[in-house]
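To start, I am sharing the structure in question, which I have written as structure tokens.
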Amino acid sequence: MSDELSHLHCGAGGGPVLPGRTVTAQMDLLKGLWRENPVLIQLLGLCPTLAVTNSVANSVVMAGATFFVLVGSSLLVSLLKRFVPNEVRITSYILIIATFVSVAEMGLQALVPEIHKALGAFVALIVVNCIILGRQEAFAGRNPVGRSVLDAVGMGIGFTIALLLMGSVREILGSGTFLGVSLFGPGFEPWVIMVLPPGGFFTLAFVLLTVAWARQRRAARAAAAGRDAAVARRAA
Amino acid sequence: MLGRLRFRHGVHPPELKELTARVPIRRLPFPAELVLPLRQHGGKPARAVVRVGDRVERGDTLGEADGFVSTPLHASAAGTVSDLGLWPHPDGSYAPAIRLAVDPASPQALRPRLVPEWTALEPAGLVEAIRQAGVVGLGGAAFPTHVKLSPPKDVKIDTILINGCECEPYLTTDHRTMVEYPERVHLGLRIMMRCLGVGRAMIGIERNKPDALEAIRATLPKDLDVTVHALEVKYPQGAEKMLIESLLDREVPSGKLPMHVGVVVQNVASAATIAEVFETGLPLIERIVTVTGRGVRRPGNFIVPVGTKIRDLVQAAGGLTEDAREIVFGGPMMGAAQASLDIPVLKGTTGVVVLTAADTKPTVSYPCIRCGHCLDACPVFLNPQLLGQLALKERWDEMATNHLADCMLCGCCGYTCPSNIPLPQLFQLAKAALRKRPAA
Amino acid sequence: MSVETHAPEPGPPAPPPDVAPARLLTVLGVGGAVAGTLLVLAFGLTLPRIEANRARALDAAVKEVLRAPARYDTLFVVNGALTKTAPPGADPKKLEQVYLGYGTDGRPVGFAVVAAEAGFQDVITLIFGYDARDRKLLGMKVLESKETPGLGDRIEKSEAFVAQFAGAVAPLVGVKGKRSKPGEVSMITGATISSRAVIRIINKALARLGPRLEAYREEGKGNP
Amino acid sequence: MSAPPLLVTASPHVGAGDSTPKIMWNVVASLVPVVLAATWFFGPSVPLVVGAALVGAVGAERAFGRRGTLADGSAVITGLLLGLTLPAGLPLWMAFVGGAFSIAIGKLIFGGLGQNVFNPALLGRAFLQASFPVALTTWPLPGTAETWWALRGDNFALPFASARVADTLTGATPLGRMKFEHQPTALWDLVLGTTTGSLGETSALLILLCGGYLALRNYLNWRIPASLFATVAVVETLLHALAPARFPDALFMLFSGGLMLGAMYMATDLVTSPVTNLGCWIFGAGIGVLVLVIRLWGGLAEGVMYAILIMNALVPFLNRWTQPRLFGTTRIAPGR
Amino acid sequence: MGDLAWIFFSSMVVNNFTLMLFLGLCPFLGVSGRLDTALRMGAADMFVLTMTAVAVWFLNAYVLAHVPYLRLIAFIIVIASLVQIVEMVIKKLSPVLFRELGIYLPLITTNCAVLALAIFQTNRGYGLLEGLVFAVGSGAGLTLALLLMASIRESLDLADIPDVARGTALVLFVAGGLSLAFMGFAGLLSSS
Amino acid sequence: MDTLSAPAILGSAGILGGVGLVFAALIAVTHRKFKVWEDPRIDMVAALLPGNNCGACGLPGCRAFAEKAVAGAIAPAQCTVSSPEARADIAAYLGVDVGQATQRVARLLCAGGRDVAPERADYLGLPTCKAAAAVAGGGKGCVWGCLGLADCAVACTFDAIRMNAVGLPIVAPGRCTACGDCVEACPKDLFVLMPIEHKLLVQCKSLLEGDAAERLCRVACTACGKCALDAAPGVIAMTNGLAVVDYAKNDLAGPEATRRCPTGAIVWVEGAQFAAPAPLVEGVVV
């Protein structure tokens, strides 16, 4: 595969590292949770986020599998990056990722066959999850092992947070249960739509709406502060 | 060959012509001051040739044509040039104008002929005489008539259409002209036919003017191939593209002029004016103006010198009523609102319509509900809905690709829009923005 | 806590040098080989578990629809007839299978049949137990379906619906409201289509295999 | 200068006299007889259910909309029409949720009046049907004189709770009976409205009359119902001639289910139907075809709602490809 | 015949990849901004899916029976390289076609719809013909969803979307609406 | 089948290894054929720029600026929009001097707020200056003057313009980046961009003279010529009923030119143009 792929593929180009700025390990780890959350902020990997989150159990397993692949391939990629020529970079990454995914899929099939069945093709589809290739391209391929793993762990947790959020909302409203445990008793009327495809779209849309609203409020507050400062500067 | 005497789309605003349709044309006493902006017509403004303090007689040249698409300007009364400066123009700006203090002692009488006899002239001489007489189209656009009468060599004109539709509500200038001066209309037509060497002419009149139809028919010259046709009453029947479709079943191609389908369209008042110019020997210095609307006490049709201020006209029509609210030059569909009573009437001013508060459209608009009424109204089959939405987002280039250039700002879309979106205004802005842009 | 600083060197970086094709070949070749090895190892390690899982699930289903038989045999459908052994050369996994259950007394209690067809959303796969002698169903279990949760999925989750199949006489007839005859199955309100699909799947499978199953018993081959 | 300053506005200085609120409130008025008829058939549950949907819609408009937009009346129409598509016995809280969803997600998310893609009332109903499929397909029978005043279901179920199994008589709709039980319904019952079904799909005749009034006043584009009816009639007559046992006759198709209400009031929603007349013909025909496909070959007994929603999604495309032919050209505008 | 029709309609509308199965959302969100781009993307999608169906059938029939654990890797690598080769060929043979369609090809390689098609086709044991019909149906479904979304987004371009909803949230709401509307097709051809 | 047998392992390793080899060969070939190299520093610099693509630097967007900056053709400071820190970062990254930029600001050539310049008619319609200007000039008595409907404030992406209580736009010099959007937006062409050192300013565009001008606006330039007399010779000329400052002679300009102006049309500006006579109002009409 050629380098063109990396430009066209969703999100697979990380921003440049700011020159002259210091980055702490803490930042590497934490940025994935919220500030650069792969799903909620970067909008990557939406297919699994929508497809498998109709129950919390599915979300957990999916998140776990993705976490495993992400961390494993980040580790390997950053370990091996010195040996991999640029020209075969993406091909090698895909080889690594696909190996991990195959392993994860067989593992799930052996350990939790029921959930594996519920997740359907989506475990295999982790191969093409933009988050994973994106992280290899943007981070693991350029940074030392320690930081790459931290970054992958952060992103993995970020993905897990998003999936859990979606899964909880959808399962609680759509089935009245959490991890299969009934929450409201038999009188509860489940909102079936939440576990159906439209419900997936609507839930994610609402989550993004909330995220946008939160960011906007913060931006507005910052702008107001900035304006005050400007007025003060002008007055002085 | 004959069209279906109607066109597709368009709207039916209440005509309200009864206010003045039967009021005979009346000549007004000269006002104390006339203001003659140098820009009275389409094309380049005239160049002033008088100085402050100069004494001028009726018909004297005040300004000379500046280029081919331009016309001279003449004194519409005897008096003294009191000022050469900026004055409020009907287009909303301040524009160079000649102020003329009318000589109250002057009889303002006819004087020896300034324009030669037409019978003696060849076509080229006729066109030049018309130009020197400062004749412009009186149908509203005030485009210099001599330009229309000098088509390029490679286009072949086969028909002259005389536009007697007067489809704008309220206005009755053309109507009264046809009723009172039908022979002039015919004479003007005869002259133009000679200018263009055209053998055929058609006169189109909306069906709501039976007396005009009858007067024109009764005086029809026997020696000319002129036919008179009663047309469907619908706005904008008088727009030249619509008129040509109605009468000849020809569509003027997008971006082209009537001459490209072999037609010249002239307004009845323009024709009558050409005749009058050659009859009296005086250039175009006065015109018929309908002063009407529920905002004036005694609406009427008046012959006034060009340059008469709104103030004087309104006074002649009995003054403004209490609830007069808006003064419009031209009809209410396409006319321009005027901001002050000092603004003068130009050669192309067909009427002064004074609307009361109740007549004016509400100014609150709602979001577009995509009812599609505007598409059903637009006589040139544009999509005003889309154009309007694009305009609100200032997407001028996309408007251009959606044929904004073909919009003639007739106002039909704005008239029908239930959400009261000022579509024509938006289109006007868009056109202005695109014009400002170097290439788009 | 590690702190790292990136200090860029001024001046334009040199364009990357050309790589030797040999290096590309080595990297991808070796990488591929390693990946292949890893995969085959993982496969080998998980395969037994996976197959065991699958077998356990099927086993449970067969036992459920045959009402806990003492044991059961796997029969193969070959050219429309049932045989106990797969014909030589054929892959037994690719043949249609039917399971014959036996009671504690060693007498056959019935067959378990897997069948699948379109339901409301997608294909429904189910297994049912059938007593060929009395032409009665012993039980039904949905193996796979994507029917609407809360609606169509009640064909597997509604105990009342599933229970009706035990003892129902074939061919089945779906009815709305209460069932009145042993051949009737009362369909789920709001999920008529899924219910009807279940009934249709069973009826069609029996129309196809029923005579074979009965014949097999009558020929006495079922009795060891 | 004269005492009050002159007004200056852009041309045209006069208007046709219609206004968006006037159109909307006329539609509201024309719906009142339909609500009253539904009340006649289904008793006091009707004002309750319609009221709850209305409160949900109007409340959402008030809470999330721009200031003053309630007065344009469009939210009231949405609430009323949503109410009319619901069964009489629906718990009120569901109707309320539907109304709020219609306006908040069906309309305001897109920027409010005039900008939405899907018919808000139908989007609300589709949401309810996908959320509470059983409650939305429980159809009480129209009442008799003695039981008129009784509620037709557990209207007062607590929020988030299921409706208790009601002791009201329920039954299948004419379309459901046709589809699943192959039993016909008398045409006269359909025309008058003495059948089961959602509140507004009962009296076809009345809806035709009220919608006709709007069409006469040019408040709705008559081409949409015309092409819809024509498509259904023609295709269904053909099918019926081919296989009378499998396909019911055209009149049954036209007068049953939500087709009348959908054709007259919902397909004609100005905002979510094409702006061009050619587009409207295609739009109506498309709905007709989809209704037949869903009713005859789909999994659901009734398909008007989905048919309209699907065609709503096609409207931007139709608008783009059915631009009028510009005067003096043979081209059409690119549409964008 | 009936089965093929069912496969086609099922994959195109009833189980539409994008709206019902959440497959290929990245390009769906990314390329649906303009109608002409979306249509080209749809065409490219259709092409890659058909090609994949054939390739996967061959792989399943001749290679993967022996090495099932290489399934995933084989699929992804074979698809990616096929696309790459086709891309190069098109570039060489028809620069016009390349400009119209070619630039979308790499984008498709890495979207999950293609891999999912391969997996479904394998799991359901489709033969070559069935596989092809399935691919064409899914491709038509992707194109339909793209077309609808793109024309809607173009018109929403002119709407006054509230700030918080602008962008992906709005697109997801529209997708939810489409998905809701497509539920009308549920059970198509499967009722009796 | 024994999956863990040596042949199986070797076989699969062989297959994948073979596939890898084939690919590597393919890629090596393609890589030879097509190769484009771009200085990676351009991306870096572009990422450090604000990304507004506002054009204040005079180039068609931030990436163009980055290319020029990497090529050394433009000083980082010319991006007036980015923060001083960011400019320093770019300079440090490229190892060049930050450089100097002359600060230019937008100045309004009108001081006729609602308090001093009356309306002659009521304009009702689209509430934008552009639309109003197209309808009888917009209703304001002085047809050259500011219509106060805030097109400029809406156009300014840097939030540098606020409308004051009498309907005049006030530019905050600290925020104005001289992007020129307001110049573009104003239908009456009232904004000009000028270096902040140009302090002598005629805040009027009315072509009328004397009483005629003053009747329409109390702060109009009446073309009395006093400023031209008081200023150093040649600094101010009277043209078309207006005083015109020749900024080529800006060094000679001084506040004395403004002393005798009867209407206050000519002013000496330090910093912000208007001393905010009334409190700033929020909530621009859109």
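Going in written order, the chains are labelled A, B, C, D, E and F, and every chain counts its residues from 1.
In the analysis below, a contact is a pair of C-beta atoms (placed from the backbone, for glycine too) under 8 Å apart; a residue touches a chain by one contact, two chains touch by 3 or more.
Please read all numbers here as calculations on a predicted model, not as lab measurements.
The chains that touch subunit E as well as subunit F are A, B, C, D. Compared with subunit A, the chain whose C-alpha mean position is the greatest distance off is B.
Ranked by number of C-beta pairs in contact, the top chain pair is B-D. Chain centres here are Cα means. That of subunit B falls 49 Å from that of subunit D. Separating the CA-averaged centres of subunit D and subunit F is a span of 51 Å. If each chain is reduced to the centroid of its CA atoms, subunit A and subunit C end up 33 Å from each other. Centre-to-centre, using mean CA coordinates, subunit A is 41 Å away from subunit D. The set of subunit E residues that touch two or more partner chains comprises 67, 69-70, 73, 77, 81, 84, 160, 165, 170, 173, 177, 180, 183, 186-187, 189-191. Residue positions of subunit F touching 2 or more other chains: 3, 12, 15-16, 19-20, 23-24, 27-28, 30-31, 44, 93, 120-121, 124-126, 131, 134-136, 138-139.
The residues of subunit D that reach two or more other chains are 1, 6-10, 105, 111-112, 115, 127, 130, 133, 299, 319, 336, listed in rising order.
Pairwise, the chains that touch each other are A-C, A-D, A-E, A-F, B-D, B-E, B-F, C-D, C-E, C-F, D-E, D-F, E-F.
In the complex of the two chains, the subunit F residues touching subunit C come out as 3-4, 8-9, 12-21, 23-25, 27-28, 31, 37, 39-41, 44, 70, 93-95.
Within the complex formed with subunit E, the subunit B residues making contact are 367, 389-390, 392-393, 395. Contact residues on subunit A toward subunit C in their complex (touch as defined above): 17-26, 54, 83-88, 91-92, 95-96, 98-99, 102-103, 106-107, 109-111, 113, 117, 146-147, 174-175, 190, 192, 195-196. Residues 1-2, 4-5, 8-10, 43-44, 46-48, 50-51, 91, 94-95, 98-99, 101-102, 105-106, 121, 124-125, 127-130, 133, 193, 196-202, 204-206, 208-209, 212-213, 216 of subunit A touch subunit E in their complex.
Interface residues of subunit E, counted against subunit D in their complex, comprise 35, 147-148, 151-152, 154-156, 159-162, 165, 170, 173-174, 177-178, 180-191.
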